[in-house]
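Two complexes come next, and they have one chain in common, chain A, joined by chain B in the first and chain C in the second.
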Partner chain A sequence: MPSLISKSPCEDLLPVEAGGVKLSEYPVDRVSSVAPFAGKERASGAALKAIGLGWPKPGQSISANGARILWTGRGQAFLVGAEPAGLDGLAAITDQSDGWARLRLAGSGAETVLARLVALDLRPGAFPEGSVARTGLGHMMMILRRDGADAFEIMVFRSMAAFAVRELHHAMTACAARVAAG
Partner chain B sequence: MRLTCPLCGSRDRREFTYYGDAVYASRPGPDAPPEAWDAYLHLRDNPAGETRDLWYHEMGCSAWIEVTRDTVTHAVGATRLIAERGGGRASGAGSPAKKKAPSKPRGGRA
Partner chain C sequence: MRISGKGLVDRSKTVGFRFDGRDYTGFQGDTLASALLASDVRVFGRSFKYHRPRGVVTAGSEEPSALVTVGRGAAQVPNLRATMQEIHAGLEARGQNAWPSVNLDLMAVNDLFAPFFSAGFYYKTFMWPRKFWEALYEPAIRRAAGLGALSGAHNDETYEKAWAFCDLLVIGSGPAGLMAALRAGRAGADVILAEEDSRMGGRALAESHEIGGQPAAEWAAGVVSELAGMPNVRLMTRTTVTGAYDGGTYGALERVGLHLASPPGDLPRECFWRIVAGRAILASGAHERGIAFSNNDRPGIMTAGAVRAYLNRWGVAPGHAVTIFGNNDDAHRTARDLAGAGVRVAALIDVREDVEVAGNFPVHAGCRIVDTVGRMGLREVVIADAAGKISRIVSDCLAVSGGWNPALHLTCHMNGRPVWRDDIAAFVPKPGMVPGLEAAGAANGAFSTRACLAEGAAAAGAALEALGRKTVTLDVPVAEDGAVRLRAYWEVPEPRHRAWLDFANDVTTKDVRLAAQENFASVEHMKRYTTQGMAPDQGKNSNVAALAILADATGRGIPETGTTTFRPPYVPVSIAALGAGGQGAGFAPQRFTTSDRAARERGAPMIEAGLWYRPSYFPRPGETTWRESCDREVLMVRDRVGVCDVSTLGKIDIQGKDAGRFLDLVYTNTFSTLKPGRVRYGLMLREDGLVMDDGTTACLAEGHYLMTTTTAAAGPVMRHLEFVHQAHCPDWDVQMISVTEQWAQFALAGPLAREVLNSVLESPIDAARPAFLGVIPVRVMGVEARLFRISFSGELGYEIAVPARYGEALYRDLVARAESLGGGAYGMEALNVLRIEKGFITHAEIHGRVTAYDIGMAAMVSAGKDCIGKAASQRPGLSGPERELLVGLRPIPMSRAIGAGAHLFDEGAEPVSANDQGYVTSVCWSPTLKTHLALAFLKNGRARHGERVRLVDHLRGTDVICEVMHPVFFDPEGGRARA
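Coming up: the complex of A and B.
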C-alpha cells in the first residue's frame, strides 16, 4: 500500500487576493448528501432537528453549532460539518466529502466579482445570508451560499477546483483593475 | 428568455435543457402494445396554441419541469414539476413511481 498524500482540493492554489476581495478555501470537513426515503421526509427532518438543524426549504440553508445543511435539489440536501447521525433507515446518505471543493469569496467587492460569472441577482435583498442556489459558475455547476454580508461559499466539483480558482481569480483581477482605473 | 423553476424561481434559459414534448415524460406501461410505444417515440401533436414541453434544470436543481407554452403567441406560461403533475412516472429521489403510466399516450394520428 503506497502512502497517499492527503491534500485539500485547492492546496497550492489558495488563498489569492485582488482588489480587497479574498478567495480562500474552507477547512476540509465532512459533506454528506441526505436524500430522505419516500414517506420519511418528516422523520428525516426531525432527526436533523435533533442535531440542531432541520430540513431546509428550497434555496435555503440552516446553520447551527458549526454545522449546516444546504438545500441542493428536490428531496436532497447537503449536510456540512456534522456526522449524519440518527438518519439510518430514514434517508440515503452519501459521503461527498472528497468530491467537492469549497471556496470562500469574501470582501466588499465579492458580489461584483460573482456578477461576472453568475446569472443571478445576488444583492442582499434578493439573496440574503443563508440563501442557497444551485446554478452555474461560468461553465461549471455550482452550489452557492451567502455566508455573510460580504462573503459567499462556493462549492464546485473537486475536479473543477483549479478551473474555478482560475475563473474567479481572473474575475477578481479584472474587477480590481476596473476600480484602479477609476 | 427566462424559465421559472418551481423550486428555484426565475432562471436564465441557459440553465435548462430542452427535451421536446412533455409527453416524453409519460412512458407507456410495461404491458403496452407496440403501437403505444411507436406513438410514444415518434408521434407528436403539432398544435397551434397551447403546448407542453419538457425541460430539465440541468445547471440548477436537476428538476424535470413541464412548461406550458403557446405556439401562436410565443407566451411562456405556467411551469410545474413533472413529479407533481401525475399521470406520468415520477423522477428523482424521494418520489417512487407509484402511478402507472398511461398505456395510451397523447398525440399521434392514432
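Coming up: the complex of A and C.
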C-alpha cells in the first residue's frame, strides 16, 4: 500500500557543528498542547502525575521516563514524548507534533552562542536545568528549555526552521571565529 | 621619536602599515597615533570647516582631531580615531577632509575666508533666495565641510549583537576599576570589567608613579592576572560602554576584529553588547582639557596627560623640544617625566605666579601663551609675562593642561545633572543619577591615585552590600596622594588670532561670545548656534571650557550656566553594529511552507506574504510573461482542477464549554448554533466597529472549533482573541492555541477536484458528503486528515489538511494527479483572479477603514446578539449613502487595463480630489470573462449599478470610463461551488 513520505522540519539542514558546539534535531516525537478546562486544573495535574509528570510551574518543566512537560504560557503546557492519556474531558488537547522544529544546541559554548540571539539571563543560576522560557530567538519567537549544563532545547515554528538554523549557525561560526582569533 | 627603554610596546615585533599612501613601521601594542608620532608624523587630517592641518591631541577615545579612514572599498570605515586604532600588518589608513592629501589640501582656502565663517554665517548668508538652500547652498557647504565618507557600496562584512549579564559591571580598568573588580571578584560576584583600551590598566599604564611599591603598570598587570584567573570575572577589553539605559542595562561597543591583520572570515568586526548588571561602577577616569589661546590647534599641541601617555605607555616623545603650559601641578609631571626620559623640555609655563617646580628645565611662572607659529606643525611658542613682555620659545610640541574633567557622561544618560566643584573646577556626578550606578575615582572627581584606589574598593563594597552579597576586605595599596592644586583658567585673554575650543567642529572662543552677543545665551542654544559639542567627540574636550567662556560672556557663574545634556552613545557606534544580523535576508524571519521546494523546482517565482513565501505562478515552457501563466492557471481551475498550498492561513483551535459563546462575541454572526461537521464564514470587527478579518470556522465537535484567519491577520487575530478572553470574559471556559504550523493544507479547486481526491483517499467521497461548507475526517494513504469543503475560487472546492510532516509528499502527489487530469498547480496570481471574478474580499478590500455595511455584509451583523465592535459600528457616519461601498467595475472597452489605486469620478467631472467618488482596490484581467475587472469602493455604489464612472489613475496616466456592476462577476448564484 502506498504511503506518504514523512519529513522532519530540519531534514537536510542538520546537524551542523562549529567551535565545539553542535546543532542537531531531536527525533520527531509526540507533542501535545494541554490546556486544562475551567475548574479542571487539579484533575489535569493529577492525570499528568499518573504518567510520572504533573503540572509544571511557570518557567519550568518536569521530566520523567523519557517524557516531559513544559510550561508554555498561562494555563498551557506542552507534553513531549508521551500520549496525552487520561486527559479527555479535563483539558483541551491539540496535536503540536508537526508544528515545531525542535533543535538541540549542545557544547561548552552553547550559552555563548545563545547570548547572540536571546535576551535572557541564561547563567546556570538564573536558568538552571529544566528551566523553560517563551522568548525571542533573534526575530523569531521560541520555547527554550535548558536540557543540561551545556545543552538547550529550542522550539521554533516549523516554517521558520531554515531561518532558525541559519541564525544559530551564523552565531556559532562567529563564536568559533572568536576562539580561533584568540 | 621613539625613546629607548620606555613604554609597554613589544619592540621585538615590528609591524608595517600604510598611512596616506606611505609605508611606516611601529611595534606590537602601538596605536596608529603612537606609531605615527614615533615616525614624526604631525598632520593627521584637516579640520571640519577651515581645513586647517590638525594632529593628535589626546591618547584616548575622546580624540577630536586625528580621525582617519581605514580600509578600502565597501569595507572602508571612516572617522576612526587614530588614538584607538591599533596597528596591524596590512593596515591602510588615510587622513580625512583633505584633497589631494593632508599635507597639500586645496580646500584650505577656506581658512583664508575665516572671517566670514563665524557661527551662524550660513544661516545669515544663505537665506535668500530661499529655494536655493536645499538645491545649491547646502550641498555645496556639505561638500566643503565634513569628515570621512562612507564608500556608498554595500558592505556585507559581519557585525554582531550580543547580551551579557552580571552582578557588577565595572566600567574602566584604571586603578579605581581594577580595585572594584578585584574586591567584587574575590567576593564571588559575577563581574564584567569593560575597558575600551586594548590593554587593562587605564592611567596606570600612562603614568610613571608607583602603586604598592611597584611600577603602576606592573601592579595593574598583577591585578589583571588575578582577575583573569577568576571564573566569575569576565574581562572585556576593546569594549566601550556607550550608554546607560533602564533596568541596569548598558550598551557597549566591542572592537572584535578591527585590530587583526588577518581575522578569521566569520569573525565580526564589532559587537554591540547589551549588558544587564545588578550594579555598576563607573571608573571611566577623566579627560584633560586644554586652554584656549591664539592658534592653539597646531599639529604638535596636545594635552599634557597625552604627552605623558605617549612617553610612558608607548615610549614615544611627540616632540624633540617640548614646552608645557598649564594652570595646575599635574602639568608639572609631564615636564618631570620628559626630563627624566632624556627628552628636552624647552620650557614649563604656568599661569600661576606662586609655583614651586624642581627640575632641570626653564620655568616661566605667571606667564601665558599669546601665539604659536608653524602651519604644518608647531615651531615656536610666543609667551608673555605678567608685564606683557614677549618672548619666543623654539618648540615642536606643546603639552597643555587646563585641568581635568571627570568622564561622567554615562551618569547623565537618564537626564541627571552633575554638580560643580570649585576646588577642581569641574563637574562631578551626584549619587543616584543613574539607579544602581556609582562613580568612583577620577570619574567622581578623585584625582590622586590613592583616592582612586580607595574609591574603587569602597564602591565595590557598597555594590556587594546592595546586591546582598558577603563582602571581603581589600587593602588599599600605597600610592601617590597629592592634592589638586589648580587655578581655573580657560582662555588667554584677548587672543591675537582665533582661539579654538572644539577642534572637531572648528568652534572658537569668538563663536561662543558671538552666540552670547546674539542672545543665544542658554548653553543649549549656544551649542546649537555654534555646533560646539556636536562633533564625533560630543564635546568631551571642549564642553566645560565653552560653557566657562559663555558664563563669562553672560556674566554668570559656571554652575548657573549649567552644562548641556550628555546622551548616548558615549563614543560613535557603527550603525552596522547596532543593526547586526539585520542585513539582507536577516531583516525578518522567513517562513516556508512544506511545498516550498516543490514550488521552486517548478520554477515558481516566490512572493512575500507577510513573512511567508508563496508561489506567484508556475511558468510552463513557452510562457513568456506571468500573465500567460496566470491566465492558463485560472482557466485550468475553471475547466479542470488546480492545487494550491493554503497552509499559510491562520488556524486557531478553540475549545471549552464557552467556546461557541466566545465565537458569538468575536464574530458578527452566530456560531454557537453551528453543528459538528459544519463550516461557516464569519466576519470579525475591531472594537471601533470596522472590519478586522474574515474567514471560515469549522465545528469539529461539541465545544471544539477550528477558526481560519487570513494569512496576514493570523497573528493580530490571535492577539485579539487573547485580549477579548482575558479582558472581557476571563471566567469563560475557553482555551485557544494556534495550530497553523501543525497542518499542511492544500486547496483543490475545479470541476475535477473530487476525482483527484478520490484517487488518494482510502474511502471515496461524493457530492453529498461532505456537503458544501462541511468538514469530515478522512484517511489519505494511511494518514489521518481533515477534509473541508470550502471554496475561494467559486469552483467545486476542497481543502485537505494533513500533519505537516506529510505536506511535501502530499502536495507533490496531488499536483501530479491533477496534471494527469489536465490540471496542475496554481499560484497567488491565479488565486487572486479567481477570487476577484467571484467578488471575494481580501485585505485589499478590508484594509482597516471599511465597515460591514461598506462591503455589503451589514446583514451578517446579527441583530439577535452583541459582538465586539457592534455598538461602535452603529455610530452615525459608518453606514448610509455617504459611505463608499464595494462595487464591481468593468472598463469600456473591456480591453482597457486599469490599475489598483486609481480614483473614481463622475463622468464629465474634473478629476480632482474635491470630486473624488471612490477608489479601486483590486484589479485583474479575467480570462474567464475576457475583460479587465476591478473591485472598488464607490460613494453610494450599491445604488449605482449600471452607471458609468470615470476612472483616473494619476500615477499611471490611465483615464477610462467604467461600468459599475455587482461585485460578483462570475456565477452569482454560486451553483458551481455546490456541485
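Please note the rule applied: the second predicted complex is superposed on the first by the 179 of 182 C-alpha atoms of A that agree within 3 Å, B and C clash if a C-alpha of one lies under 4 Å from a C-alpha of the other, contacts with A are read in each partner's own complex, and residues count from 1 in each chain.
FYI, a contact is a pair of C-beta atoms (placed from the backbone, for glycine too) under 8 Å apart; a residue touches a chain by one contact, two chains touch by 3 or more.
Values in this document were obtained by computation on a predicted structure and should not be read as measured data.
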First (chain B), second (chain C), both or neither: which does A:A35 touch? both
Quick check for you: in the superposed arrangement, does A:A174 touch first (chain B), second (chain C), both or neither? second
According to the stated criteria, A:A133 is in contact with first (chain B), second (chain C), both, or neither; which is it? first
More residues of chain A in touch with chain C or with chain B? C
Between chain B and chain C, whom does A:P58 touch in the aligned arrangement: first, second, both, or neither? first
What part of chain A is shared between its chain B contacts and its chain C contacts? 35-38, 75-76, 92, 119-120
Quick check on the complex: what are the chain C residues that touch chain A? 158, 160-165, 190, 256-257, 260, 263-268, 274, 276, 581, 585-586, 588-594, 612, 653, 655-657, 704, 731-733, 735, 737-743, 780-783, 802-810, 813
Can you tell me which positions in chain A touch chain B when the two form their complex? 35-38, 41, 58-59, 72-76, 92, 119-120, 133-136, 141
As the complex stands, chain A meets chain C at residues 1-9, 28, 33, 35-39, 75-76, 91-92, 94-100, 115-116, 118-123, 126, 138-140, 157-163, 166-167, 170, 173-174, 176-178, 180-181
Which of the residues in chain B end up touching chain A in this complex? 7-9, 11-12, 14-15, 59-63, 81, 83, 92-96
